[in-house]
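I am attaching a structure below and will ask some questions about it afterwards.
The first chain written gets the first letter, and so on, giving A, B, C, D and E; residue counts start at 1 in each chain.
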Amino acid sequence: MITYIFVFLAVLAVASALAMVISKNTVNSALFLVLNMVSLAGLFLLLKAQFLAVIQILVYAGAIMVLFLFVIMLLNVEDEESLFSRFRVKYFVAFLVGIAVFSQLLYSIGSFSEMLPEVAPEMTEAGTVEAVGEVLYSQYLLPFHIIALLLTAAVNGALMIAQHKIKPGASND
Amino acid sequence: MDTKHIKNDVDPKFLKKHQESLYDALEDKHTTVEILDEDPLNTKMVLNMGPQHPATHGVLRLILQLNGELIEKAKLDIGYLHRGIEKIAENKTYQEFMPYTDRTDYLSPYSNNVAFCTAVEKIANVEVPERAHYIRMIGSELSRISSHLLWLGTMVQDTGAVSFFLWTFREREKIYDIFDHIGGHRFTISHARIGGVANDLTDDALAMIKDFVNEFPQELKDFHGLLDRNRIFFDRNRGVGVLPTERALEIGATGPTLRGSGYAYDIRDFEPYARYDEVEFEIPTRLEGDNLARYYVRMEEMHESIRIIRQCLDKLPKGPVRTDNAKQAYPSKDEVYYSMEGMIHDFMMTDTGICPPEGSESFHSIEAPKGELGYFIQSNGTGHPWRLGIKSPSYANLQALEDMLDGEMVADTVIMIGGVDPVMGDSDK
Amino acid sequence: MISIDWFLALSALLFCVGMIGVLVRKNAIVIFMCVELMLNAVNLSLVSFSSHYGNVDGQILVFFALAVAAAEAVVGLAIIIAIFRNNLSVDINNVNLMRW
Amino acid sequence: MEPVTTTSYIVLGIALFMLLNSAALAVYAERRVAAFIQNRWGPNRVGPYGLFQPIADVVKLLLKEDVTPARGFKTIHAIAPMIPVFTALMTVAVIPFGDGLYATDINSGVLYILAINSLGVYGITLGGWASNSKYSLLGGLRAAAQMISYELPMGLAVASCILFAGSLSFIDVVNSQEVWWNVIRNPIAAVIFIVTAFAEANRTPFDLPEAEHELVGGYHTEYSSMKFGMFFLAEYMHVVVGSMLITTFFFGGYHLPFAGLWLPEMGVTAKAILDVSVFVLKTVFFAFLFIWVRWTIPRFKYNQVMKLGWKRLLPISIFNFLGLAVIVYFWHHYIA
Amino acid sequence: MDYLHDINAFLPGVIVALAGLVTITIDAYKNDHGSIYGLTVFSLLAGLILSVMDMFGPVGEAFTGMITYGGVSAFGSSVVLFGALFCVLISREYLSAIDHEYGEVYSLLLIATAGMLGLVSANNLIMIFIGIETMSICLYVLAGIIKGQKIGAEASLKYFLLGAFSTGFLLYGMALLYGATGSLYLTEIAEGASSDLLFIAGAALLLVGFFFKVSAVPFHMWTPDVYQGTPTTITAYMATASKSAAFVALLIVLSKMIPAETANWAGVIEVIAILTMVMGNLIAIVQDNIKRMLAYSSIAHAGYLLVGLAAGTPEGYSAVLFYLFAYTIMNIGAFGVVAYYERQQGLDFTDINNYVGLGFKKPLMGVLLSFFLFSLVGIPPFVGFVGKYLIFAAAINAGYIALAVILALASAASVYYYLRPMVYMYFKDPHKDVPLVRSGIVFRSTLVVLAALTLYFGIAFGDLHNLLSSFYTADWVTHLVGQ
């Protein structure tokens, strides 16, 4: 059963990723990415990381991709020409690079499979909110603070960049 | 987007020339305001609101140039309900024209009748009996309440509270019933006649009016209770569509729109017609000039109308309701049915009608619910007016709308239309 | 139970798809989305490892990666808007003012 | 995550069935309540008391022509209406209807709800965008901005409930209210949550995405037939789901007031019947509240909605959360 | 209390981060650039003093092993704060002159600096990730603050897209390292290290990510464009503080986490170093734009630094640290003088051809530019020479003769483009009379102080070098006590 679910989700993830890269229309690309993220969240569930599965949807699909869609709609980007309309050397090179990196990674991962990889039994506990939260607020307190700082700075900076011509010194409320 | 774009972007399918001139006007308007913003991202678009739109009170058409949710410029296009009423009048006797007046501002037909009658009476020097004056006043004030009730319902509905519409319509229904008993018509009543009114108030009608006058203040209080302290309603109306006094005068706004802008002009008080000089009432006036001010003005006017009706009922004199002069008014039905002369007079009235002196002209205006409603009549000595002009309040008030819309938000558009309270039949004639 | 290396292989595949996407696409927004896909793929790897070891650290890194991706998205999209203002296009082939 | 049992399937099945039905019932209720408020009769022709009116509505919608804007985006135009329905249906999975009566107990159920909720914005935005109409686009953008803005105070209001439960599981949230309902312990968050629930469901006074007065129909202006029906259905399902969430988070879920203090032990069946009826009653009340407000109050303006969300609700919910956190901390460490 | 100890260990970072938040608040409510600027300078100065004091203090771990304090971390923090402080000092006048002085600039600078402080004291992959990202994301924004012009937006887009792309590799590297060892702590990873393919792939991807950030050659494409499109003083900040932070982190990763025996790391770094030095110097020669020239020169300097890392000995590491400090001083100085010329009206002073005859017009600026460029070349009395010498020596001692030779040759080639502006300034007649604005007192004195420092550390480098070497000797505490 779980094998079938995995195969389904994996095929969905890969197909939506490919569709995202190939799609001419930017909105379609964004929606395929959302589909990809949702299927990844499903895979997280298979790995018993429930908290991250939910967070994946909440943050990626619910926030980041909505922002993407907003920007795409705002800019009203027109369709590109299809990737396959014209062959370019660039594509070939990119494809080769991709294949090379992939085979290299696969080869490296092959060394891992000697280690009897399975979902550890303690993962049932480790994937819960409590487990993640406890570590997050004790061991990883400092990065947590810094990430809060980063998010504040990012919003602040993004406002500054995206706003149209605020005069320095002018109040901008 | 520079202004050239707007015209190129739209491709009108009908009335091409007119449409293009409209878009031109949109571009020309406020040429003093330079568009410094050369941002390719600014979300300007031209929104065509109406003439078929659920919230524009008929066939008003607004062309809005939007920047996001903000209205940068607005252009009004009126005339979709033009029926040539003024021209029709030239082919009708004065009395025959009466039903047409009902159909200009169809929310307050009685006031229109009275306005037209007084104008004709002025040009033809017709004396009107006392009792008729009072009946006309009662009718006018009732129609004022009816008109304001409709304004209240639609305006509140425009802000989003749908049920209010039905509550105010229940009250209007009572007024319709009263009109039914007064003149035999619920809506287009045509009760006033040149030289008086068609018939005396029946006892039924009087009783109903008394009942209404006693009950309505309580309803009004309920309306106040629902709206005055409703924060959402308050916030949506306050500071919206501000029309300064000077601007209102320049544009020629009248009625509650003008009084909401702080100019206490009311013809009932300044140039009393009928017997308004004999009753006591206040002229509700607000200084703010925003939509909330107009709301208060109209609400208080309803109070004043009730007060006037009460006084009229108290003072209602006995006597005839139509002038006895057979050259100036229809004889009563008794005379027509039972005397030869009466029948001849009736025949003459219907055939030729009242003939004001040749070359005379008159203008008379009254305070209709929407503002100053005036009829201008030129006579060539026949029973038809040579020229007839209507100074309609909606037309004047709509001119203020363009001014008020600039710089407001799209969501305010409908409220402002509601606040100005135009009736397209009145404006387009 | 599916063994972890299938997840890892999937993650590598998605990573490479994202990478190829970054290399072949011209639309800045799509390129950015491909980068997000890469980050997602890495997240899958991290979660797989984390559930292999049964400890939380990998998941914590995913959490931070998510937060960073959010911050990056905010800033990146703002930058893309800024470039659109100047160029009227988000095609990176048009971003060639400076060479060498 | 608990293993999926037969009870889960049964509960889920019944819950989904009931949700779909309750949406239909909500449509009927909306009409009847509106009529009651407006001194009218409302639907009374189809079936006894007009009860079959929703069926007539659906049949009407099904028989209508399905118009797709010629220059719109056809696939997305078709997909968009399904999304809000899906998200509304997915919510039911974690809501406990009674003691032990729930489809599943996700350990991060509250986050799950927030996550699912955040997906709902896609349907409206895409629907507005794919219609290729100015009114639709304005409505869609308004909706998206509004829903995103109100997710934050909603999340914080929920978070302040979690302080009492100490868990993100719905079962724990409900059980923590056995004696004291959260609305008593945490009234500010309750108000905020109710307000945001209205906003998330796009109901009056926050129905400006579909403000028929200025935007004709907002994001669903260009929709017709069953595609419109889906949006319509989703709206009422959101009303019902919103009522369920209000009940669960703040009004004790399936618990009677102060039930922990006086309610005697009961048999399983009796308890189940009692729980479900209490839950349903509360939900019905809040659904009625939704309808009541809809027909009484004017709607906000766009900038007022934003101001309310960001300048009022957000700071209030943050301070409420912080204050409660401090109180709860001291309570646990020094008093209790 | 434990928490207080932790805070104390990261006090410079805490101060800078709080200042960042306060500046955001001030900017939102009052928009008072004077107080924002004052607060920024004050917090950076306080942080600098604290971290310099930290250098002489004990070494340890804080925040449950997330960060280390003292030693290399403290030195790294000092360099970063030094760079940030001096960049801020010269920024205000320049930014208000080019009409881009936003309050956000300061808060972003402060938060980026806080991220860098986390990065240089990192002891855990998460800290490295967060540190790098905090730094980079703030810098993406800072690169694009010249919004009205194409050049600014394009700089920030390029920086952002390539930076985000490299983040993917960095994170994947971390993931694989975590997969290979099951931990995120640098020390534990070092313990679990093996010549496992997974580990090697992880480390390689991590290094790719780092090479992007330090702009080593195959991954350097963004550097010249970004340096050119960014306001000059912010460029100085990018070129010095952020590069130092990334290098210190790379140094920490290489020295602590990746044992040399797992693979032939030195070989990889050697190749990259050679490429970087050669490419950087060669391309810099043909540049006419002084900012692009400095960008390629900074790439070349990255190559020199990589030589020190390739050496892989304590000597090499301390040489790298010293060189980072030297590089920070002279690069800020050079960019500062360029910033001064650039804000003049009339001519485009980023073009070297327009520097003709400027040397005698404002003698102070001419002399200062000469100071910094000489130092960048590596001519004896200046600090640049000492840095290069130390690296050279370390490479020779570690047996990397070829590297050392290429370093020397590359430096020789760099003489051409460093001396070209000076030749233009002093030995050519001006072709147009351009009035030069007088610079402000703070601006001038900052540059003078920097020039003095290049001289001071060029002559009296012993103490600092000893201190840096002592970080890598086991008995460095006794060494300090013995002084």
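Note that in this section contacts are C-beta pairs under 8 Å (C-beta built on N, C-alpha and C of every residue); 3 or more make two chains touch, one makes a residue touch a chain.
Values in this document were obtained by computation on a predicted structure and should not be read as measured data.
Identification of common neighbours of subunit D and subunit E yields A.
Of all chains, the one whose mean C-alpha position sits at the greatest distance from that of subunit A is B. Across the structure, the highest number of inter-chain C-beta contacts is found for A-C.
Ranking every chain by how far its Cα centroid lies from the centroid of subunit E, the top place goes to B.
Averaged Cα coordinates give subunit A a centre that lies 62 Å from the centre of subunit B. Distance between subunit B and subunit C, defined via averaged C-alpha coordinates, is recorded as 64 Å. Between the CA-based centres of subunit A and subunit C the separation comes to 6 Å, rounded to the whole angstrom.
Between subunit B and subunit D, the centres computed from C-alpha atoms are 45 Å apart. Annotation for subunit C: residues 8, 15, 18-19, 32, 48, 50, 52-53, 55, 57, 60, 64, 68, 71-72, 75, 78-82, 84-85 touch two or more other chains. Residue positions of subunit A with contacts to 2 or more other chains are 48, 51, 55, 63, 74-75, 105, 109-110, 112, 140, 143, 147, 150, 153-154, 157-159, 161, 164-165. Across the assembly, subunit B contributes residues 39, 41 that each touch 2 or more other chains. Against subunit D, in their complex, subunit A makes its touches with residues 27-28, 31, 34, 45, 48, 50-51, 54-55, 57-58, 61-63, 66, 69-70, 73, 128-130. Residues 1-10, 12-21, 23-27, 29-30, 32-34, 36-37, 40, 43-44, 47-48, 50-57, 59-60, 62-64, 66-75, 77-82, 84-85, 90-91 of subunit C are the ones touching subunit A in the complex. Those residues of subunit D that touch subunit B in the complex are listed here as 34, 37-40, 134, 138, 204-205, 207-208, 211-216, 295-304.
Of all the residues in subunit D, the ones that touch subunit A in their complex are 1, 73, 76, 106-108, 111-112, 114-119, 121-122, 125-126, 129, 137, 141, 144, 148, 167-168. Subunit A contributes residues 104-105, 107-112, 138-143, 145-147, 149-150, 152-154, 156-161, 165-166, 168-172 to its touches with subunit E in the complex.
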